[in-house]
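Look for chain A in each of the two complexes below; its partner is chain B in the first and chain C in the second.
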Partner chain A sequence: MKQLVAKYGTALSGLALFVVFLLFARNFASPANLLTVLKQASFLAIFACGFTFALLTSELDLSFASIASLAAVMVGWLLHSDTSWLIAVAAGLAVGTIGGLLNGLLVTAIKVPSLIATLGTASIATGTAFMVTGGVAFVGRWDASFLALARGKVLGIPFLIIIMFAIVAISWFVTRLTPLGVHMQATGEAEGAAHRAGIATKRMKLLGLTLSGAAAGAAAVLLVANLSSAAPQMAGDFLLNAIAAVLLGMTMFDPGRPNIAGSFVGALILAILANGLVLFGAPYYLQDIMLGVIVIGSVGVSASVLKKAAFSV
Partner chain B sequence: MKKTLIGLAAAAALLAHSAAANAFEIGVVAFQMSSETHARVANAVEAAAKEKGWDVTVLNSNGTLPTHAEQIENLVQRGVDGIILAMSKPVEFDAQMAAVKEAGIPLITVMSGASPHALMDVQVNEYAVGASAALYLLGQIGYQGPILTQRFESNVGTRVRGKMLDVVLSENTGVEVVGTHSMARTKSWREDVRSGMSALILQNAGNFKGIWASFDGQAFIIDDLLKEQGMNKGDVVLVSIDGGAETYRRIKDPDSMLMATVAIPFEKMGAAAVDAMQKIAIDGADKASITSGPYLFMDAELVDAANVDKYLD
Partner chain C sequence: MNQILSVTGAFKKYGAVTALRGANLSVNAGEVHAICGDNGAGKSTLIKLIAGVETPDAGTIEVRGTPVSFGDPQDALAAGIATIHQDLGLAPAMAIYQNIYLGSELSVRLAGIRVLQKRAMMRGAREILAKMNSVMTDMTKPVEALSGGQRQAVAIARALRWNAEIIIMDEPTAALGVRETKEVVRLINELRNRGATVLLISHNMADVIAVADRATILKGGRAVTSLSLDGVSADALAKMIMDGADDIEEA
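The block that comes next holds the complex of A and B.
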């Protein structure tokens, strides 16, 4: 029983929260609203998947939100310059991936702790985004095909939700059912032992951070398509929220370990909370307070893993 | 007897609940409550709506584009009877505003710009406001000499103010801009203004007669910087735009360099948005009976030492 609570306690709490909103928050149960919740969870879930990959190898990526903002700005700039939207999307994904790769190289080749390396790249990304934009957002009524990436629907289901499920499913498959996932987890949990066992631990860390950047690039492209604008720091708020989702995820399914299923449910719980509180008519500051409580509560459970990630060299 | 009392209390509670459920309900979203002007509009809307007995849900987007979009979507799902947005961005949130219109929810914006999906935007004429502040500054320095400017291009209103300054300067070539800092970081804008303007003030020490700031929050920081440099009232003419208790206190203060502002009636604008909502959504009035175009313009008055007492009362 104790083990069951440890494994599924948070998920069940999330379910309880869902039921409370279902019963007491007006229109929460409507299909349109439930799709809205999933749509709103999608950005967070994609960022959280990326952060999970980095944390799985015991590395902390504090740059993904800034890298996403830079990727978004690059997409906006290219679209604004009448470049094909396909090229703009490719550029956004490339900026995210290269940003993550740079983090990986700093950590594995130059041996800068990831906490410091990613803070540095975050600052570089923010500065570059401001350099490109001059602080002014790229705004436009861009190609409908591009906007459809986030606003389009397939059989009534927003395309954004389908993309989110695809990314979450692939990430879950890679981490749980492939040797690569096992190697990444072994690297994060016992790097020395994993290295002695023949696992290319440096490569795993490089991959973890690169995937974090790639996820940030993907989320950035979708953000731009959803808002038809691109501004420096537009993804800034996702830093704390995505970390909160991953920490929350570490309290369930595989307690104490970063895991994709947990991160996804964590993102879902945060999206339910944000949506439900509005439908409940709660004051706006309650959301921030609740988020803080969730972060503190989940860090309490997963502190040792975070500490290891923050200070490992 | 006890049972009767309980029954009566329950009936009263039920009646109160049903009355509350029948009350007109509006959702208010302020783009960034940490900015005083956004909060003033949102608070004014909330106060005016509550005075009418309406239910109000106030939300703060924390200056983040994705959060603003989500909050508008959540209010649509809640099924509010009307939505008022403070300092929103009609182009960026075109899809969300279109969804509001599609849901049949009347939408009024304040200081946001025109949207085809909104009934109106409550505004001041920023062109007149910008020209008024610029002409006052030039008048105070005798239409001659160097000045510094602190701009903010990311907001439509402050950008227009800056453009009107440029127009005024183009006709008055005796005044030269010797240094300009453009505020780019919206979240850490105070630090941005402080570092940028302190560098400009030091660089141009003794070589400027006036400073133009695009909004009062910037002017407060510049005023404090000038005081730190040992300057006294009359050494430099500092002019800005917005108005508010702190601005009027500084205009009256013999140690402050802030000489004038153009007072934007934020509280009146919030109340006007609520009145317009009442007339259209409840009384069934035609929008054209309130304003013929996309804007409902309000008057803004220039405030300096001559008339500041009226505002301090």
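The block that comes next holds the complex of A and C.
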């Protein structure tokens, strides 16, 4: 019983919250609003998947939102200068991946702690994004096939949501069912033991941080397609939200560990909460306060392996 | 006797400190061989050379009569030598079966992608532990939930999974209570019964006497003597370790 609560308590609370909003928040249950919630959750979930990979190897990535903003303005800039949308998308993904790879190299090759390294690259990415745009946003009537990445539908389901599910499913598969996932986890939880068992721990950390950047690149492309605009700080709000989703996720399913299923449900809960609070007429600042409470609370209550491994430097 | 491992004239310096000055060691196949000596005698350093953790400045190591040179612990492992360090090298929060298969997980290729065979690993882990008469039912239990003796069993099971013929154990009972120590002594005896060769470092003379067939006594980086422990008492062995100092000073 106690174990069931530990594993599923947070998810069930999220479900209860959802039901309360369905019943009592005006317009929450409308199909259009539910779609908005799911879309918001999709961006969050993609960022959260990336952050989960980094955290699984016991590294923090505080740069993914800034890197996503940079990737977004790259996409906007290329589209604006009439480059093929396929190239723009590839460039967005590349900026994210290369940003993540750079973080990984700083951490594994130069041994800068990830907290510091990613704070640094975050600032560099933000500066570069302003440089590219000159501080303004790219807005355009862009290629319909590009915009369809986020807004197009297959059998009535938006592409964005299908892509998100694909990313979540693949990430879940890799972390749970492949040797690679076990090696990343072992690297995060017992680096010395993993190394002595022949696991390439540095490569695992490099991979974790690179995947975090790659996910940020993917989220950036979808953000631009969804809003048909690109601004130098457009992904900023996702930083704490996605981290909160992952930390909340660590209180479910595999308590104490970063896990993809938890991150996904965490993203859903946060999107539901944000939307429901607005509909309830809660003041705008309440969201920030709740976010802080969730971040601290989740780490506080979970007997996290990372409390021992990563955060007890 | 069938010698499986030998070290001849091993020298090792750490900066100004000479840890080993011409140490010799000869280990027979299938025996439990203790390495004894005071603090700083060079026991850990000698073990590190054999385990591939450090490389000797001079001297030769032979495994089954063939000279070897290990660049890292993986090389030693490939030669059939596994080391169980004092911290056991386990991932505490991970499951028993995951620890036993850590770094060499069983998997099948499905459409080119390696997929874990969790069931096969749990079954395999249970079988290896059963061979050591170590009964653990739930293979998904995290190692940190086990007793000290059971953790040793998991670490040994992993060494066996690696097909190690020579298993080095550095102070396996140092952190354990009486009952746990008994369990480790039992595990070492099981290893011998299975034909493995065990190289044991221990400060505890009673444990050494209880489990080892022979001992090599180190003093000041040299092996002062190598003897059979048949009929030797713990006190006599302790005295020999202390007297070793006089031999060196006289020499």
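Here, the second predicted complex is superposed on the first by the 298 of 313 C-alpha atoms of A that agree within 3 Å, B and C clash if a C-alpha of one lies under 4 Å from a C-alpha of the other, contacts with A are read in each partner's own complex, and residues count from 1 in each chain.
Everything that follows uses one rule, which is that a contact is a pair of C-beta atoms (placed from the backbone, for glycine too) under 8 Å apart; a residue touches a chain by one contact, two chains touch by 3 or more.
Quick caveat: nothing in here was measured; it's all calculated off a predicted structure.
Student: Name the contact category of A:Arg26: first (chain B only), second (chain C only), both, or neither.
Tutor: A:Arg26: touches chain B, not chain C.
Student: Among the partners chain B and chain C, which is in contact with a greater number of residues of chain A?
Tutor: Looking at chain B versus chain C, the one contacting more residues of chain A is B.
Student: Given the touch rule stated above, what does A:Ala186 touch, chain B (first), chain C (second), both, or neither?
Tutor: Only chain C; A:Ala186 stays clear of chain B.
Student: Report for A:Leu177: first if it touches chain B alone, second if chain C alone, otherwise both or neither.
Tutor: In the superposed model, A:Leu177 contacts chain C only, not chain B.
Student: Thinking of the overlay built on chain A, is A:Ile110 touched by chain B (first), by chain C (second), by both, or by neither?
Tutor: Neither partner.
Student: Between chain B (first) and chain C (second), which, if any, makes contact with A:Gly198: first, second, both or neither?
Tutor: second
Student: Answer with first, second, both or neither: which of chain B and chain C does A:Ala235 touch in the superposed model?
Tutor: Only chain B is touched by A:Ala235; chain C is not.
Student: Of the two partner chains, chain B (first) and chain C (second), which one does A:Leu4 touch, if any: first, second, both, or neither?
Tutor: neither
Student: Applying the document's contact rule, which stretches of chain A touch chain B when the two form their complex?
Tutor: By the definition above, chain A touches chain B via 26-28, 30, 32-33, 36, 39-40, 43, 130, 134-137, 139-141, 147, 151, 223, 226-229, 231-238, 274-275, 278-279, 281, 283-285, 288.
Student: Over in the complex, which chain C residues touch chain A? Could you list them?
Tutor: Residues in contact with chain A: 73-74, 77, 85, 87, 89-94, 98, 102-105, 107, 113-116, 158.
Student: Please output the residues of chain B touching chain A within their complex, sorted ascending.
Tutor: Residue list for chain B touching chain A: 27, 33, 55, 57-60, 62, 64-67, 69-71, 73-75, 77-79, 89, 91-95, 153-154, 182-187.
Student: Going by the contact rule at the top, pick out the chain A residues touching chain C in the complex.
Tutor: Within the complex, chain A contacts chain C at residues 177-180, 182-183, 185-186, 189-190, 192-194, 196-199, 256-257, 305.
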